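Structure incoming, see below.
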Amino acid sequence: MKENDILIRGGRIIDQARGVDVVGDVLIRDGRIAAAGERVDGAGASGSHVIDAKGLIVCPGLVDIHCHLRDPGFEYKETIETGTRAAARGGFTTVCCMPNTNPPSDSRATVEYIQRTAAATASVRVLPIGCVSKGRQGKEMAELGDLAAAGVVAFSDDGSPVADAALMRRALEYCRALDLPISDHCEEPALAHGGVMHEGWVAVRLGLRGQPSAAEEAMVARDIALAELTGSRVHIAHVSTAGSVELVLRAKARGVPVTAEVTPHHLTLTHENVMSSPSLPGGLAYDTNAKVMPPLRTADDVAACVEGLRDGTIDAIATDHAPHAPVDKLCEFDDAPSGISGFETALALVLSLVHDGKLDLPTLIARMTAGPVAAFGLERHEGLAGIGSLAVGAPGDVLVFDPNAEWTAEPERFASKGRNTPLAGRVLKGQVVATIHGGVVAFSAREVKVR
Amino acid sequence: MGGSAALLVQEPPPAILTRPAPGTWQHHHVLDLDDFSTDEIELVMETAGVMKEVLARPIPRIPTLRGTTIITVFYEASTRTRSSFELAGKALGADVINITSSGSSITKGESVVDTVLTLQAVGADILVMRHSHSGAPYLAARNTRAGVINAGDGWHAHPSQALLDLFTIRSHLGDVRGRKVVIIGDITHSRVARSNIWGLTTMGAHVVVCGPPTLLPVGLEGPRGSEDGREAALPPVEVETNVDRAIKDADVVMTLRLQLERMQSGLVPSIREYCNLWQVTSKRLATAKPGALVLHPGPVNEGVEISLDVAHGAQSVIEEQVANGVAVRMALLYLISRGRG
Amino acid sequence: MPETTIMSSEDVRRAIMRIAHEIVENNHGCQDLVFIGMQTRGVPLAERIAQGIAEFEGETVPVGSLDIGLYRDDLPDVGLSIEIKPSDIPTDIAGKRLVLVDDVLYTGRSIRAALDALIDYGRPQRIQLAVLVDRGHRELPIRPDYVGKNIPTSRRDDVQVRLLETDGGDGVALIAESR
């Protein structure tokens, strides 16, 4: 072993990209995977790091294809530095940041700002997503070619849908030349109509305007039709309803180039979380920390999303990490911005599905590594061959975690500036032990032994 | 005559007592009727009855809440509710201050939480809050030691209105157990309807809601499917879109105000259509039980939700509702200020 | 806790009768008399006094009730309920001779509250006070006009008046050092 090597010893290696599930060692050298499998030999060199992974899971660093770093423009909510630090604590080594910054990422200049800032301050890899429309206004197509050349990995107007169907069609056609997907935040504005939560019995109880599942499904159906029409890849961001899962399933069966992602909270929480929260006792909670778009839905929707994730209808878990300053969320529900600060609780939250027997661990890991990579075709980008896997020569991005460690979510101790989570005080099971990015330990819960 | 500038009574606990345990009243705030027991509602009714007697005196004033500061914070304009609370506070001898959003720092964007903390620092013991956003009084209640009374939040709740409606009904019909009470109008956007559904069903009435389908909330019948067994949106009510079937044999007809914006947002095609299908006319009222009461929370759109002759007819108790409002609000102010501890 | 009977049911009956006679004697008849019983036990006491007068004088004295709950400002201690009963003042009291009736007179503060309340109803000619038991320890300059029995007590004692109408039987008990 050389100095600065990292040897991760004795863990259960789960690398779904290569169908590997074996107890063994992983060696990282010069920022790349040098070996991964049963027993890596070699006399230890001084300066090398050894991580004892006995009883732990070792897998490729998690890849998040949907998050909000708020930088540039909303640095009081989060910066690239604080956001990526939070991502590392959550086990992520690659994050794709959405373009609803200020200025939005609709120009090369903003994309390059993000890349420069990430290079200087980020703990993990940051891949920018560019706007579909100029200024995210939803009217005119942005200079997608220039953005692609600058290095964006996808296009989206997230926070907002691409509401104009004609614009979506044109953008999809244009993207055929670029071979990059468009990730759409599916929410038909006229049906969503200012609804602040799911339109269902909880909204009636709380006297809040809701938005129906149909608001999402109508646009999912539209995007699938457009993908079919244009032959371009459409990616459905944060699927939340049973109907959406059904539409994607049937579209995939027909061979339509559509992929989909789901958030950890849409796999585990329901609209009842708006009404009651253990940290807001005494009456109806109106918990603004449970306000997200798309909203938390019913238990039936959650079950359908879990099943869709299990059978591969949904390709990826993406956090939609959306931090807000505490003062932003300390107001009436109607006025509160939407979003959950999710990096640091994501893994434990989705591991609950494994603990409850609804999903097996290798599938879960696939949906957070190989799955998102494939959905966005990330491995085709320069320098990213092998990303999301532990193949020899792949980037030295590895996650070591303890699937059974119990800990309590304390937002006050998050690395993210965003403390907005409905999970405050909740006991979670599953904790990151170490996150390694590019052969460097980006986060470690324990002392890493150095020989 | 003239009340003595009284040193108020400081009595050590009497040597004997026969009253029920003070555990009956559990409320530090009055945010909605969804967590009121029948005993608590009965207590409000009895106390309001006592207050009504006080209001009938030549000088309708008692020193009970002397030294208590009540501040009304109305983010939405309202003449009747605000003045009702103000009169109630003053009749109890409290100091009442009114804050409305226009001309205060509220319009400058001060948050609910900041406002509430400022008022607490100023010495508010009780806050009476009306806000256009559902849940605002809950946010206020979590951030202040003062008692909070919800004077109406968004579409969600208006507990004092429902209590005065109940009081009015009972003063004519006695017990509401088993009585058919029909609520007609825009149920979706009505906090009066919601709180009345809670109050009336708790006291055993059979509630029917009626209105245009676009103004009846989704999920009113409660959760279905895999959500069985969990809490429903609202207590069980009968849902009816046909007003004639709804009114037939009703003991009480409660009409709700139809707001102009419902037409503007296309939820109802026109006022004319609404009147044809849902207006309470004397002809329709005749199919209710003889002597059925007609209520309206006000202000009434005469000729829209209710015809002129019904609004001013013998069965209308609309004015009584307003009068009873002061007594009921006195009861609430008294109970939350005395019930603590 | 040791309980001593201070007045038996016969004692109570005789005291009420004596008070009834004293009131009529003191007021030279029953004209303009109105009894106001203090909730709770003052009310049946007032009714019994009125009934006694009806029996030996043949005159009917109106009886009203007063709940001073609205006139207290103490927060409810353990045992004190916040329920208030309606007050029922049967006639216009202006110019009338009121007799306030209560079961136990102690610090005098309840009577002070009652005077406040009555003055809100009008201006009587005079107000007198009749109590079944006076246990001393006055904190205000209040004195009873008619007393059933004077009982010296310590502040830690508890005096319990029981009446047929409210407790199923008549009697007065002293419970020593109860608090």
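The letters A, B and C name the chains in turn, as written, and every chain counts its residues from 1.
We take it that a contact is a pair of C-beta atoms (placed from the backbone, for glycine too) under 8 Å apart; a residue touches a chain by one contact, two chains touch by 3 or more.
Bear in mind the structure is a predicted one, so any value in this text is a computation, not a measurement.
Chemist: Measuring from CA centroids, which chain ends up nearest the centre of the complete protein set?
Modeler: Chain nearest the centroid of all protein C-alpha atoms: B.
Chemist: Select, from A-B and B-C, the pair of chains that is joined by more C-beta pairs in contact.
Modeler: Most contacts of the two pairs: B-C.
Chemist: State, to the nearest whole Å, the distance from the C-alpha centre of subunit A to the C-alpha centre of subunit C.
Modeler: Spacing between the chain centres: roughly 77 Å.
Chemist: Go ahead and note the Å separation of the Cα centroids belonging to subunit A and subunit B.
Modeler: 46
Chemist: How many angstrom lie between the CA centroids of subunit B and subunit C, rounded to a whole number?
Modeler: Each chain reduced to its C-alpha mean, subunit B and subunit C end up 39 Å apart.
Chemist: Sort out for me which residues of subunit B touch subunit A in the complex.
Modeler: 29, 31-32, 35, 111-113, 131, 133-136, 138-139, 141-142, 153-157, 191, 194, 217-220, 222-223, 225-227, 230-234
Chemist: Can you list the residues on subunit A that touch subunit B in the complex?
Modeler: It is residues 199-210, 212, 272, 280, 282-286, 298-300, 303, 330-335 of subunit A that touch subunit B.
Chemist: In the complex formed with subunit B, which residues of subunit C make contact?
Modeler: Touching subunit B: residues 40-41, 67-87, 103-104, 106-107, 109-110, 112-113, 115-117, 119-123, 158-161, 166-167 of subunit C.
Chemist: Touching residues of subunit B toward subunit C in the complex: what are they?
Modeler: Per the touch definition, subunit B meets subunit C at residues 1-4, 6-22, 24-25, 43, 46-47, 49-50, 53-54, 57-59, 61-64, 66-67, 334-335, 338-341.
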